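Letters A, B, C, D and E name the chains as they come in the text, with residue numbers starting at 1 for each one.
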Amino acid sequence: MENNMFLTLLTFSPVIGLVLLAFIPRAQVGALKLIGILATIPPIIMSLMMYAGFDYTQPGLQYAQNVSWFSIPVDQMAFPVAYQLGVDGLSMPLVLLASIIGFFAAIAGAVFIKKRWKEFFILFMIMLIGMLGVFTSQNLFLFFIFFEMTLIPMFFIMGIWGFEQREKAAMKFLLYNGVGSAIMLIVFVALFMNVWSLSFVEIKEALTNPISPFNIQESPSYITAGTRLGFFIALLIAFAIKMPIAPLHTWMVTAYRESPAPAVLVSSGVLIKIGAYGLLRFNVGFFPEAAQQLAGFLAALGVINIIYGALLALVQKNLKLVLAYSSLSHMGIVLLGVAAMNTVGFQGAIFQMVSHGLVAALLFFIVSVIFERTSTDELSDLGGLAKSMPFLGGIFLTAAMASAGLPGMSGFISEFTAFLGLFKEMPVLAAIGTLGIIFTAVYLLRAVLGTTYGPTPERWLKLADVQPLEALPMIIVLGFIVLIGVYPSVLSEPMQATLQNIVPRIGG
Amino acid sequence: MESRWGPLAQYDWSVMAPEFTILAVVTLMTLIGLFTSSVKDRRFIGWLGILGCIVAAWFVFQNVGGGVVEILHGSFRVDAYGNIFKLIFLAGTAVTLLMSMNYIGDGEEIQHQDEFYYLALTALLGTMFMASSADLITLFVGLELLSISSYILVGIRKNNLQSNESAFKYLINGAIASAITLYGISFLYGLSGTTNIFLLAERLPEAFMAGNQFMIYLAFFLLFIGLSFKIAAVPYHMWAPDVYQGAATPVTAFLSVVSKAAGFALILRVVITSFIGVVDFGSDGGEPVGMIDEIMLIVGILAAISMIVGNTMALRQSNVKRMMAYSSIAQAGYLLVPFATFTVLMFEQTVFYLIAYLMMNMGAFAIIMIVTRDRDSEDISAFAGLYHRSPLLAIAMTVFLLSLAGIPISAGFFGKFYIFMSSLVMQNYWLAGIMVATSVVSYFYYFGIIKQMYMRPGETDSRLAVPASIIVIVVLAFIGTVGVGLVPGTLLDYIHTNFPFAEMIMAAK
Amino acid sequence: MGAYLAQPLTWSNALIFIISPIILLALVLGYVTYAIYAERKIQGWIQLRHGPNRLGPAGLLQTVADVLKLLIKEDVIPRLADKPLFILAPILAFVPSFAVLAVMPFTESIHFADLGVGVLYYIAVAGITTLGVMTAAWAGNNKYGIIGGMRAAAQMISYEIPLILSLVGVILMTGSLNLIEIVKKQEEMGFWFFIPQIVAFVIFIIASLAELVRTPFDLVEAEQELIASHMTEYSGFRMAFFMLAEYVYMFGMASITTVVFLGGWLPPFQFLSFIPGIVWFGLKFCAMIFFYMWLRATMPRLRADLLMQMGWKILLPLSLLNLFVTALLMEFL
Amino acid sequence: MSVPLTSYLLVALILFSVGLYGALTRRNAVIVLLSIELMLNAVNINFVAFAKYGVLANLTGQIFSLFSITLAAAEAAVGVAIIISLYRNRATVNVDEMDLLKR
Amino acid sequence: MADLYSNNYLIVAIFFLLGIILPVGALTFGRFLRPHNPTPEKEATYESGMVPIGGSRVQFHIRYYLYCLLFVVFDVETIFLYPWAVAYRELGLFALVEMLIFITLLGIGLIYAWKKKVLEWE
């Protein structure tokens, strides 16, 4: 039993903020905001420390903690459920992403939230714990609990601080994700029934090691390929809702349109990445054969996502919706990376997750700043904002370029890697997918230029430019984007060992 | 040993101490109540009742671990099964009384305050007999003691038309249900010549072999239909919404928790003990099929229908108590699942869920009571803006609702989770599937209340005054719900080690 | 009779079973005719009047003439009456009062059915009379009738409880519900039950008076208030049957008192046992009947509220107490 | 002169069905209560018949019927009490008119 | 024994039958003797010679019902007292104690009714 408390401290560090917030009177808005922002800094510091201390050569878990929690009695036996945390190359970048976006969203909260700050920050801290926990947990059960922990506060944040149709959107969000988590729970329990373990590592070992009894045909506990395929598809549906993948994406559109800025930031930056993470960690990690079998299907889904998202983004009249469909499109790239089923592809997928997380958060932040000033996000109303807000216009363009995959930015690296991976396996699909990139540039430029350039209407002339508090996080995030763009090894190296550990088992 | 005290005196009557305590307390309460009619505030009677519950619980704890003791020719039986259920009943009743202190104390609605307290305790006495009897006669008497007391409890707001109506409906349905139950029992008796469920277990297989299959099945169906009334499960659930809506809120809470748990105590004991040995060897020499297998299938189907009906009908309700009624139908469905899967752990699971249900439902009803009385409306919109009026109450309510919906980390989640696990272990995939699917459906209406509390502006923003007794209930329920959610193993282990359910079918020492 | 009962049913036995109740019925009718006459004469005697004295020697044929008169009276059924119930009511009143005699042991050998649950049978069947009264009251659709009927019903059910409970003491001591066994037990003990069960005896007498709706408990027939109560709308022979039922019930009540408390056919002293049992029974029975009539002539009527309160607040607790004292004494003596 | 057990059961079955039908279809609350009594009495017939002519005849059935009579009485008493209070507030005993508790 | 049992009840049935035949027979016989010429006045409900006012299906005071309830309670009690009394000798003193408890509870019912003024006839 390893007992490294580090990740526990990391995951639960927002609790400090939570407790402090609980004791601050609701009238002291300044203090609430300050604590709200400051409380998101310890996770960043600790995840950076974790990053620094990470051993790149080791494929297995690091900072692992394993404490027995309770046991599930099943038919005369009791199976222990442990409190297991740990990170490997796959999850560590995402932990860092979660903490950065957390900080970013907290600032967005301080800037854009106009009422009930106390409740907001408390819910936000709970959500932050959930986000960090999802990536640090090494146990199906724990994963599920943290997953739900992101869901419920999100529901509240959307429902309370959202726009006109907030309640409907919150309900829709809850139901879609509820169904997803229910399916996930069923699969987890079914997996547990078969393998009698909840630990990621053990399950992975049991399902992929050729000498484990579950993989030997003659063994009584052999799990047939059909069963594995069933698990795979069920999990795919669960994560497809979260990611989202094309036919199951409708919740996202309403959610993005109706949610307040911090919620959108968190959602586009971290929450939908949970789906992709799950896909990599569970679908591919546990059922490599099935994944291999369905790789074509996944790739096709990815391409559909890219093209469909891009086309819809092209015709949207609302800035937020453009970004929402752009998210859909970009998650298609993640899917392509996963479908590649090789190290490069996976690397691309993770790159894309991190990159899109940062870029989308930045873009949504910018849109919120615009909305804050103009009270509109309709493209037809906006225009020529660069004149009154030059700094914002610049950042907006940069972010859009990063999203479209301009070299030197993280988007380029990630998209390039992902497609590179897929080209090796399925050149045709990859070729079609690249069309999406072109669309991306088109719709993003249309949106950005439509907003910032052109003639400036009278009413937009007096708009104030970005405040220091707004500028700070934008610059930090942009810094990360550029850092990844120019020095991708900062991200690729730690994950190398882990991914190399996954890949050999694909295709057996 | 023939003393002048006769053969009855040889039994160890001390094991009946909990029942005697309650009986004595009811008597005492009645007498004190009658001779202090000049005192305006009647709450001290209720406090006496709560004290009685506590003392009785202490006596139950004295019996815990004492093994199986039978008295009165095996018709009264103290075993782990009965003890744990008695504790649930005692806790539920104590909370009901505590809740009603406030309901009764400040309202003009209930003229017969003393009666309210006595009847709650007599109903409790009925449930305790239901948990501890091994004879159909005493079981039935216990059942009726509970039923008749609760009919009156439901109608105790006698100037309230809704209360009258719901009492009438409850009575008619209850009486029909008990007639059906009795009809089933009469066949069981006719086939076996006994009403002792252990003798029944011995003789029913013989009767089955002798060509009375049809009668046995008939008896089972009648029994189950009649008893499904108490737990408000399909096929006898339709009374619940009307009755829950019309009854005073503490009574509704009592019905949904204690009465339901008692129904489960009865069904499990009778059905399992008496039908477990019946095996159909088939006329064509095929594989022998235990009747319990067929029972399990039927119960499974009924559980599924309960979950579906309860959760979908709840979506349409705007009255919060009506909604909780459908929710409780659905919960009855979940609670029947362990029975339908029938693992060795079914008792632990049922009891665990019942304890969780006790805590979350009592907490929820305490808050519902406060809110609906304050707004003088039972519409869901009464909850609008509750968060601004009393944030802590709203948070507690949220936790209870999340727990009812089965969202971690809560007692309700683990209750469902364990049940879900075992239904998967027994490869009852369809049942597990329905369970999860209907749980998701239930998010809709549970979150409907949450939505009201946080996202809608209320008619008033004045602070909601919460009486101390309600605070106590809510705090206890909150701690319980969250605590069990954090360390579910502790409770389960406690149940497992202290209440070995194998005692249920063991012979007495 | 006991011998025939134990034999398998043959045609001749069946005939005996049919004939003997008919004889009893004839006797009872005769008794009723002269009980009414006796009642009027005794009341006359006590109140220093003559009573009936025109028809026949000393008015002996008066009642017979009354019956004949009633037989040729017109039978009116009110328009608003509930006709089926109106016709049913007299029958309902009469049947139980006669049927209770089925278990009455007049002597050890002269009796009809010998039921193990004789006492229970008596109580159960006698309880139906209340129903006759209520039915008549309701069917007549008359305000006096309904008020009287309700009162009667309330009174009869109130006093039924002490009546039944007072018998429990006797049953405790006997250990059987069989009426013959009860008499035999008295024979065995050497004294009759009214001595050890004096409290029960008093309660029983009072309650039985109330059950019979006789003075001092004849509120139902308080003519000043209620005309003729449930019988208001009845006329002719239908009314006669209510009267008949009343007197037959009196017959039954006197018999059961005799059997249970007064030793039935037993002689008061052993040396008098040469006199046949039926004579002793007849004497005790007549004494009871006389007692009823005596009371009627001398007692004032009780007020309604006092009546009910006496039943519930005095007789009921007293009979329960008696029960326990009996049980305790049995245990410790 | 003994009647076979099945005929008792048949009578009970008919009574029970009549009672159930009445309880479910009649509109007058009092008649509904009476129908329920009919059902309970059908059960008593069953019990007594089994106690006398059953395969394993014994007294338990009769005892059970005593209890069921008692409980039927109690149920009826409470039932009528509730009907009375309903009648006081609503002036009807018609089951169809009890529609206050709908949605 | 079976004969004794059925014969006993045969006699009881004969008694009941006789009880029905007598009134039915007498009334049928009387029909040939008595006149029958109804008039509306004769068939009117009797109300001391006045024209009847209103219907007579009037509501009654609740006390009648309360007495009825009390009757049910105690009548049912006797159902249990009788078997107890018969079997008392075999059961011993303990049965007495039990019955004492039972009666005490019912007694409390009586006290309850007493205190609640159910027994007061106005």
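Please note the rule applied: a residue touches a chain if its C-beta (ideal position, glycine included) is under 8 Å from a C-beta of that chain, and two chains touch if they have at least 3 such contacts.
What you see is a predicted model, and the numbers here were worked out from it, not measured in a lab.
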Any chain in contact with subunit C as well as subunit E: none
For subunit D, the least number of touch steps when starting out from subunit B: 1
Set of chains whose contacts include both subunit B and subunit A: none
Highest C-beta pair count, chain pair: C-E
Farthest chain (mean CA position) relative to subunit A: C
By mean Cα position, the chain sitting nearest the middle: B
CA centroid of subunit B to CA centroid of subunit E, Å: 40
Computed distance of Cα centres, subunit D from subunit C, in Å: 32
Distance between the centres, which are taken as Cα means, of subunit E and subunit D, whole angstrom: 20
Centre distance in Å when subunit B and subunit C are each reduced to the mean of their C-alpha atoms: 52
Residue list for subunit E, restricted to those that touch at least two other chains: 6, 68, 75, 93
Two or more partner chains touched - positions in subunit D: 1, 74, 81
Residues within subunit A bordering two or more other chains: none
All touching chain pairs, where touch follows the definition stated at the start: A-B, B-D, B-E, C-E, D-E
Contact set on subunit D toward subunit E in their complex: 1-2, 66, 69-70, 73-74, 76-77, 80-81, 84
Contact set on subunit B toward subunit E in their complex: 3-9, 27, 30-31, 34-35, 37
Subunit D contact footprint on subunit B (complex, rising order): 136-137, 140-141, 144, 147-148, 151-152, 155, 158-162, 164-169, 171-172, 174-176, 178-180, 182-183, 185-187, 189-195, 203, 207, 241-242, 245-246, 316-319, 322
Residues of subunit E defined as touching subunit C within the complex: 3-4, 6-12, 14-16, 18-20, 22-24, 26-27, 29-31, 33-38, 40, 42-48, 52, 56-58, 60, 64, 67-68, 70-71, 74-75, 78, 81-82, 85-89, 93, 96, 99-100, 103, 107, 110, 113-114, 119-122
Complex interface listing, subunit A residues touching subunit B: 69-76, 119, 144-145, 148-149, 152, 155-156, 159-160, 166-167, 170-171, 174-175, 178-179, 182-183, 185-186, 189-190, 192-193
